[in-house]
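Mind looking over this structure? Questions follow.
We call the chains A, B, C and D, going by the order they appear; numbering starts again at 1 in every chain.
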Amino acid sequence: MNVPTIVTPELQKRFHVPGRIAALAGGLLLAASAYLPWAYDGDALDNMAFLGGPSTLQFLGALLGLLLAVSAGMAWVEPWADRKGILPRLLMVSRRAGWTRGTKALGVGLLGFIAVVLIAIALELGGLVTIEYGGWVALAGALLGFVGSRLLTPGRAPSLEKVKTPAWLEIVSIAVLLLVALLLAAYALNQNDGGTFLSILAFIGALVAFILRVGAGGWLSAAGQRHRNVLVFSSFAVAFLFPFTQNGSDANMSIATQVLIFAATAVGLNIVVGLAGLLDLGYIAFLGAGAFTAATMSQSAFATIGWKPPFIVVMLIAGLVSATLGLIIGSPTLRVSGDYLAIVTLAFGEIFRISMSNLDGSDGPDLVHGSSGIPAIPNLNLFGFDFGKVHTVLGIPLGRFSNYFFLMLLIMALIVLVFTRLNHSRIGRGWVAIREDEKAAEAMGVNVFGLKLLAFAGGAFLAGLAGAVKAHVDQSVTPDQYIFLESAFLLAAVVLGGMGTVMGVLLGAALLKLVPEKLRFVNEYRMLIFGLLMVLMMRFRPEGMIPNQRRVLEFHSDDEELVEEIEEDLPYEFAEEH
Amino acid sequence: MRNKKLLGGAVALLSASLLFAGCGSRAESSASATGGTATKTAKIGVIAPLTGDLAVMGLGIKNSVDLAIKQANESGAIPGWTLELAAEDDQATPDVGANAATKLAADDDVVAVVGTLNSGVAQPVQPILNSATIAMVSPANTSPNLTQGADLSNPTRTYPNYFRTCTTDAIQGPFAAQYLFESGIKKLAVVNDKKPYGQGLAEAVAAKFKELGGEVVADETVNKDDKDFSSVIDIIKSKSPEAVYFGTEFQLAGPMSKQMGDKGLNVPLMGGDGIYDAKFIELGGREKDLATSVGAPIETLESGKSFVESYKAAGFSDGYSAYGAYAYDAANAIIASLKQSLASASDAKSARQATIDGLSSVSFDGATGKVAFDEFGDAVTKTLTVYEVTDGAWVAKQTGELK
Amino acid sequence: MSSQTPTVASTESRHVGKEEILAARSVTMRFGGLVAVDNVDFTVHSGEIVGLIGPNGAGKTTFFNCLTGLYKPTSGEVRFSGQVLPPKPRSVVVAGMARTFQNIRLFPNMTALENVMVGRYCRTSAMALTSILRGPKYRREEEATRARAVELLDYVGMKGQGGHLARNLPYGDQRRLEIARALATDPKLLLLDEPTAGMNPQETRQAEELIFKIRDSGLAIVVIEHDMRFIFNLCDRVLCLVRGKTLIEGTAAEVQSDPRVIEAYIGSPDSDDEASGSDVATEGEAGNA
Amino acid sequence: MTYYLDQLLNGLSLGSLYALIAVGYTVVYGIVQLINFAHGEIFMIGAFGALSTWIVLSWVTGGSTAWWNLPLMLVGGMIVAVLTAVLMERFAYRPLRNAPRLAPLITAIGISIFLQEFVRLFYGQIPGFPDAKAAIPFPQLEFFTGPAIDVGGLQVHRGNFFVMAALLICWIFLWWFVNRTATGRAMQAVSQDPDTSRLMGIDVDRIIVVAFAVGASLAAVAGLASGLRYGNIDFKMGFLAGLKAFTAAVLGGIGNINGAVVGGLTLGVVEAMATTLIPGQFGGPAWKDVWAFVLLILILVFRPQGLLGAKVVDRA
């Protein structure tokens, strides 16, 4: 990135102390401004028109402000660490934190947050005049904090991960963090107002940036490594709890279920693209194949196959059908690689879609009713559990989509298990070796063609499973759902999130599905933004939001400082993050 | 010592701010915002593509429903209640449509929904609204399966909450075939674009035309993304038909007509209500091309004329488009039913079932003609009009009923 | 044929009782009109180091590729432990022949340890389902793989470097890592393509020691090299190729003293290939220095 | 017989369109080994550029459709298309020149979506320009459009003449440009060996820009031809056309200009004939794209160098 340096190191050296004071003051000013009215009218965001009673968003802003002040002030508190007592011992720990780096990150994040809030107020109420004095005070605080934090010298790199902490503390921290994430997510999702949703996203972004830069991220990931089972288990527990936060409303569950289906498919794609390095531009066909298989074998009156086995069997068949298609699509990899392979997969994807619309009885056998597809697919009924009904658990009604959400959660768990275990096995090493240097891999005895086929078939199988559930969630399957653009979306989820990681893909999938749902005002521009985002990501952050560290090195090999920094973090055998 | 004080102060500040957040002066304010209104609120939802390629038609639907709701509120059609519009974008995509339906179903104020534009989107929306007993009236779905189930020879109603104000392929197609046959055409070529609307229509035309004793000399398809139809035209031309029926929308039909002319295939092209649009002529539709549209011509109907006038007067930025009038009728049908169902209801949610029941017996003269539903939820009106391109505009040629 | 020089008989006699591992018989490789390898015979016995020399463009690497299954010879056959191998790199590795590359081809974004573990691929068997279920057998195998890889890194003198990404290793270590990776496939025969190219004298000496160590463990080794001092220090036998043909095969001393070899390297006045001639000249000098 | 000649002619004219676009893929690929997936959108932009020129002209001429509009529209379309292509190269592709292969391809998909949406959303916002959310009628110039001409019983559309003549002229021009000009020879050199060319003092960056510009000019010609031939243009027209043209480029041998022309014509004829000649349920227009894609896959698998042979690159 060629951003011209305005704040030179000399400038930072000279204005270090004033900068710190400014950041501290800015943070406190912002915190105080939360008690003043920000908006002229209560209709904007979550009603910020009160004196002395901050709204939730204002409170979150104040929290960030205090955090900035504390973080900026830590440098003056730390010298006391040489004394004795419990507090100085805590401060010893704080010496390992990158407070200054955190302050800088928070300075940017805070300014972003306030900017989003104020712009949203102005847009929703019509004009800048609708921003009350409190809003301007907040902006002044944020600006002061931003400028101040820019003037600080970067300071030491954090090394919190080297702090020895008791196991119970780590486990509790992981659990608490995930619970906070759950509550934040539930709160954000319950906002129907685009501005509020975006403001909360900005808040989360600022907070996460701060936590990472301070070094707590390193500590957390080290803790997560040590208690991997706890981390995985509590992640799923938290996801499992999510429907209970919805007060029986299915609106968000519908979106959440679709996010899971989309993410499950994207994780499957990640095996092919992220691990084996084979670009697949027709991946949506596998989801479609699963969905069509399940639909033709469903209880729908439009289903064309008379055999109606139980859903578990249908799901397996759907997976196998997709896997077979995967084998067919993968077979050219014996001779074709690189860009050509991408084009072959794209062509296969188009062939799948056109063929499905042609299987209508007039241009081919009547298998899926052509472009009208198969509608009226009934709800699942597994072991007497009717997915279409509302089930009340602990007094909280859980609707249709919650039921499917739980099912998809189970499938997601399976897919994540498959992905991570394959990744850290002989097979996974083979895939990465193929991605790195196909010829060398072959010369080292890696079964290149077999592994490529396995990647295609395995990824396709997982997508087929997701497709089988999708048929029942959507209750109708049509070829128009499986167009090239959807493949591009899947790829974008993988690319934006981070190739080769599960967390990244989950995040990418969630954002791609959520943002258009919650930000209705960008709906008309969503494809435009999406296209631009893909270009910009490739230009500035090709490794994705949550990168696989291997990828960071691949894309930024010329940045020696970064390479060293990452290498230090690497565990002995590259145990990859999740 | 001082350090502890300072830190203590910070902790105090933090907890104080937490306290403030918890108990502000906000509690009473929110109560006053909702209280005080004399009337109760019921919402009519709209699910249509409000963004993207098909937004023109979706916005026409939304605005027309909005118009009907405003008129009802102004005239006090339902005493004690205020109607509101809850419009959701389906982006012409089934997934998004399902999300929109779920969102509306979760809103206790919603009593009925007007939508969707695409049959493909209606498929996942139907069951979601049905399980929430919310009435759904579509202004534009033409697939017969939506009302009559998979087996059309043995029709069964799949979702009791579903109605539509437009006619299905099963009416419009045969009507077109009947018109063509009666005007002396014995050899017909049928083309469709492989989309549910076009394909259903073309198949219905071909079936009826054969039944009447005509000959279908060619049955071809085109790719909806194609611009070049010359291969298909040459195939058709070699069979020398007397007319071509093209099941599609104006985006493809206009260029097709133009290329037919260029190729010297000088026979009329006919289509359904999807090509009854001025854009068809702009894009190359030739003189003598034909289209069917449901109902009598809007100018000949008192109610139709008044719809057009009030739509213009309302000052919407987009036109009412192809399905505006149907959407207006759909909304008015819902409002007619609400008059009964809401009268005795304590809240909107409890009136949902009664609204569905009431819709079956609705009957009035709407913007597109008589509005009423049969036992499957289909519009009873079988009146259609054939339009012909004359001097660069669509002119009504013949209004009639399917025999 | 030219290989039937008396020198061959003498070397063969030195290897009486040793197993014949690799036997190439009249291998010929044509690319269109170009004959890159012309009717070459070649034998390697267990526990010996054989050098393959020749000026640039002599067909050394092509011959190498024929041996390792990257190319299928136009005519002739290659027997490994008495068996004709299918011309697939993978089967060749499985049979017990491993190689390194002239221009290093590690997996740059994998750690050193992972690189070596990839080498164990063909000696392990965990498939997709076992990898997902992770039974005790899988765990044992994975543990063994890792242990062997660590051991091999120690063996080539890279103790404690397993965590570094291959791309960030110093040049000499990358060469060593390639050898470790090849050794991980449990080969009976190791083929090294210019293992000291670009190394300084100290690194070269270390490489030499490593290769002796490997030979002493019972492996046969074939080395392509331009560094003559290296070759003559190291090799029991040397085969010199010129324009695809065997010029001479014999002990290091015999080849070193053969005037034709020097002529081939420095080039005779009527040499028709300017480019390769001059290249070879400089390399020859380097080798003799 | 006339019927099959008719179909052959349909195929050739469609193929000429593919060929004009395919040259853009091939020229860029030959020089930087980059599949400029967004090239189809340049074709679309070219068509819109030509239309915009006519609209601006019509403010003066009152909507004249005289023949002399054509060269002006052509120049207008070319300027817009070349500008877009050059900007695209400068800001999206150039920074990625040493990135892993995946990166430019994903970027290209992003650009493709971005350009389509940009035209859809903002074209109609320009005062006096029609809304681009649906298809826009394209001005039908006299002489180049109108009723078909009867050539020995064959009904030949005038647009067919135009597109085939355009291809011929562009082909000759390209031959001259590549073989007879300094820039053209520099292009050849760069495509052989960019590093050596750089050492020989060739400004490689400039040559790459030239390659993008040449491709964009031809795509603009194709855009104009498409508008005249089919009477309408829309923002989506680039995707399928681009994909088919890419198929054509691969068919002929990507990197080879003559290959692009031969590949384009072959693909066009195959499509037209597949509509007619493949019997039974799996023939006809419904399956023609499937056959085109099957052809693409078969070529990539069994003869990746294409019909005329291509620059062979180690793609491992």
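Keep in mind that, in the parts below, contacts are C-beta pairs under 8 Å (C-beta built on N, C-alpha and C of every residue); 3 or more make two chains touch, one makes a residue touch a chain.
As the structure is a prediction and not an experimental result, all values here were calculated from the model.
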Set of chains adjacent to chain B and to chain D: A
Chain at maximum distance from chain B, centres defined as averaged CA atoms: C
Inter-chain centre distance, chain A versus chain B - centres from mean C-alpha coordinates, in Å: 36
Chain B and chain C, separation of their C-alpha mean positions in angstrom: 73
Centre-to-centre distance between chain C and chain A (centres being mean Cα positions), rounded to whole Å: 47
Residue list for chain B, restricted to those that touch at least two other chains: 55, 194, 221, 223
Two or more partner chains touched - positions in chain D: 239, 284, 286, 289
Interface hub residues of chain A, defined as touching at least two other chains: 354, 357-358, 363, 437, 439, 524, 554
Listing of all chain pairs that touch each other, if any do: A-B, A-C, A-D, B-D
Complex contacts: residues of chain A adjacent to chain D: 273, 277, 279, 281, 332, 335-340, 342-344, 346-348, 350-351, 354-355, 357-358, 363-365, 437-439, 484-485, 488, 491, 495, 524-525, 527-528, 530-535, 538-539, 542, 554-555
Complex contacts: residues of chain B adjacent to chain A: 3-4, 7, 10, 13-14, 17, 20-21, 24-26, 29-30, 33, 50-52, 55, 89, 91, 93-96, 98-99, 102-103, 105-106, 119-120, 123-124, 126-128, 131, 143, 145-146, 149-151, 158, 194-196, 199-200, 203, 219, 221, 223
Chain D contact footprint on chain B (complex, rising order): 53, 55-56, 194, 220-223, 225-228, 230-232, 234-235, 238, 251, 254-255, 258-259, 261-264, 279, 282-284
Chain C-touching residues of chain A, taken from the complex the two chains share: 417-418, 421-422, 425-430, 432-433, 436-437, 439-448, 454, 458, 550-551, 553-554, 557, 563, 567, 570-574
In the complex with chain B, residue positions of chain D that touch it: 3, 6-7, 10-11, 13-14, 17, 133-135, 137, 145-148, 155, 157, 159, 226, 229-232, 234, 236-237, 239-241, 271-272, 275-276, 284-286, 288-289
